[in-house]
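Given below, in the form of structure tokens, are the structures.
In the two complexes that follow, subunit A is the common piece, with subunit B as its partner first and subunit C second.
Let's turn to the complex of A and B:
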């Protein structure tokens, strides 16, 4: 297993399917459970992230975004990783001025990721 | 022994799986890796003891590149089957990570017949488990909700039991200072997230194998392979705590070989060593799996019978005494047989090990003073 690819097959794919398949050793049930856990947790973390950003809570933004980077990277959710990384950096720098734009992109990419996984019958 | 062999095989299996997956992308590297793994496997005594496994390794080492995938598949199949068939002692791996996704993934990938995987989402949960279970390895995320993972690592290292516990750190932070600090605090490995699962599972198997090997060497008497005094004492404490919870009986026995000095004086120390090894074999074969024994010192052995009352322990020892008496030592010359005297004491769970051994020793003294070759149970 090498590093997470930005895409699998096409450059625009929001999920690195090779990574996801390899890390679960091709076990479809394990993959589905993992995807389910990821979507449920990330969904609630995005809500928390929005609230923390709106309240200008820099440490909370950094902490939540950091958690999202870890699980998104582990699951091969390549469209989400750079957005959460940006938010983590903003939180660490204590500058949350531009978070609304990134949070909007988080919402869009998360929906795209969900649709992609549904099309693969993984959610 | 079986557990570290199995962990070793699991590590080889993980490495084989990774190399097989890379066969298409990096054929030359992967072929070299597979041959190297098979060659190293052939250096493991337990592998050579399995003709089937050794043959499969030799085939991979000497195979044409074209035939290699098929031969490696056979090797992986045999190794997996052996892992599943051998009896084993389970080891416990603790994953400390508040991310359920990572917890699930690691649980799925690390789970095997030889391992129990526990997951703690907080530092508090982790210490609760560490204090109540015998953990063999910890995978620790640094970003925990209730404490910094570095504090957790430091506390594990400062605790008496955790000083030698392998700890593999996971972190999503790309910061060399944090990595350096973790190594200074005693981290065995440091993996950045997203974790390369193949690398992590291989590292876990290899660490477990190595720690089992070290523990085996440190905890066993080098001559007989029986538990040494320290390991027996640890085993005693664990069993005593368990019997205390289940309100079950616990019996201890102290055995002393009769006239052992004259064996050494008459037949030489090599024969004396042989006798001690044979006694160990007889004890291994005659005791139940749940019983444990160790070499207490010299020609003394100590046996623990969990869930057994004094009379049950005497019956078990009587059979062992009979088996030992049947063995003829030095068959080509002046033959002799070996007997032992034993003191048996049913003890209250929670009794300190020294006090328990002392109680059995009083009965052993009576056995010696009333003619030897007998077992005396504390009234």
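Let's turn to the complex of A and C:
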């Protein structure tokens, strides 16, 4: 079986709009609520993740990244999923290597995701 | 004589309604797809159109759009009857002037008959609808058809699992559509309810094969097995699902929100909690028909929570479905040992969760016990 929305898709969109639409039954208001919830929550989790990575708190990195994988997957934010998964794996393995590089990519992809959603008038 | 056009590609459904309407003094014509439907409307000018939405060639909504710009026939009343509507579909059909939006699983054939008569003869509300047909024989025939369809679905699904050919899933989707219609006429309310949402799940998987996972495979299989259990002549199968009590526990607010949205699709309101300790306290004194639990939660994880709740007399046998990341195979095994009934892969398709919940609420797959 092929994998669920963990890859960023063939068109390189940061958001799987089909997934988000299915998730909200195509209701634009429900979509906006979901997006708002996601952006607000993930924004603060990224701050926490940065702090945990800088302090080499492996369990915290795993825990926060796990939460981010879940919420990103739930909302179809496909560009974010593999990055958070990498951090979750590193945290679980107890080895935080190159986290600053990955966190930088998290920042870039999160901004790209926000711009994409704004262009769709969802945020 | 008033004229009524039925646009329906399911021969059985069309035949049943043709019989009903004819016996009630109506002139009836059937179109088997949207294109033929449009042609018949223009040429025959019926007084009323009964329109299914899932049609070959030209879909129901496209037909409605074309009809409303078709000059002399644009004001013909249309009753849409189909399976579950998405909000956007329903809004568009209403905006296009559908006089009634009827969900097959919630509208008995005789109710549809009454609505048809009220649209055609609005001033003659007292005119009784003389439904003289032997409904019992219709029901028997539809039950037989439904069971036959199920017998075809099982090997089809098995073949799909071994070949991963999406064309097989399309065939299954069509069979479920027909099954649902037959279950509906046969009075198999529970099977009709589940097949309605299973059809939606299969449609999503056919349109987006990338969403097919081990979890969705398992859910489809469970649903078809459940339909089998709900297609015998047991009286309980004719009783619609009463409002169940559902608890969702997930520390992630977004997942909780998504799960709630999913259940609302099937009109299944749920209590959502982000704190597993508070949830455990609630479970000690409150009965629920279904509990959905995330595994990875702080302070008290889902498996610990499940182990505890199994010690409460109220919840010895309550179905517990875990949300589990697709990679967490070990967790899945552990969840079973903790007394869990089932799991669903995270992230889940909203409609998959709906199907899964209905399977456990309508007719659980195994006798639960600790």
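Here, the second predicted complex is superposed on the first by the 113 of 123 C-alpha atoms of A that agree within 3 Å, B and C clash if a C-alpha of one lies under 4 Å from a C-alpha of the other, contacts with A are read in each partner's own complex, and residues count from 1 in each chain.
By our rule, a contact is a pair of C-beta atoms (placed from the backbone, for glycine too) under 8 Å apart; a residue touches a chain by one contact, two chains touch by 3 or more.
Keep in mind that what you see is a predicted model, and the values were worked out from it rather than measured.
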| item | value |
| --- | --- |
| Superposed partners subunit B and subunit C on subunit A - clash or fit | clash |
| Contacts of A:73 with subunit B and subunit C, given as first, second, both or neither | both |
| Which superposed partner A:41 touches (first subunit B, second subunit C, both, neither) | both |
| Touched partner set for A:52, first subunit B, second subunit C, both or neither | neither |
| Subunit B versus subunit C as contact partner of A:103, first or second or both or neither | neither |
| First (subunit B), second (subunit C), both or neither touched by A:15 | neither |
| Which of subunit B and subunit C A:26 touches, first, second, both or neither | second |
| Contact residues of subunit A, present in both the subunit B and the subunit C interface | 1-4, 19, 22-25, 27, 30, 33-34, 37-38, 41, 63, 66-67, 69-71, 73-76 |
| Residues of subunit C touching subunit A in the complex | 86-89, 164, 204, 207-214, 217, 251-255, 257-258, 261-262, 265, 296, 298, 325-326, 345-351 |
| List of subunit B residues in touch with subunit A within their complex | 17-18, 21, 98-102, 104-105, 108-109, 141, 143, 172-173, 193-199 |
| Subunit C-facing residues of subunit A, complex | 1-5, 18-19, 22-27, 30, 33-34, 37-38, 41, 63, 66-67, 69-71, 73-76 |
| Touch list for subunit A against partner subunit B, complex | 1-4, 19, 22-25, 27, 30, 33-34, 37-38, 41, 63, 66-67, 69-71, 73-76 |
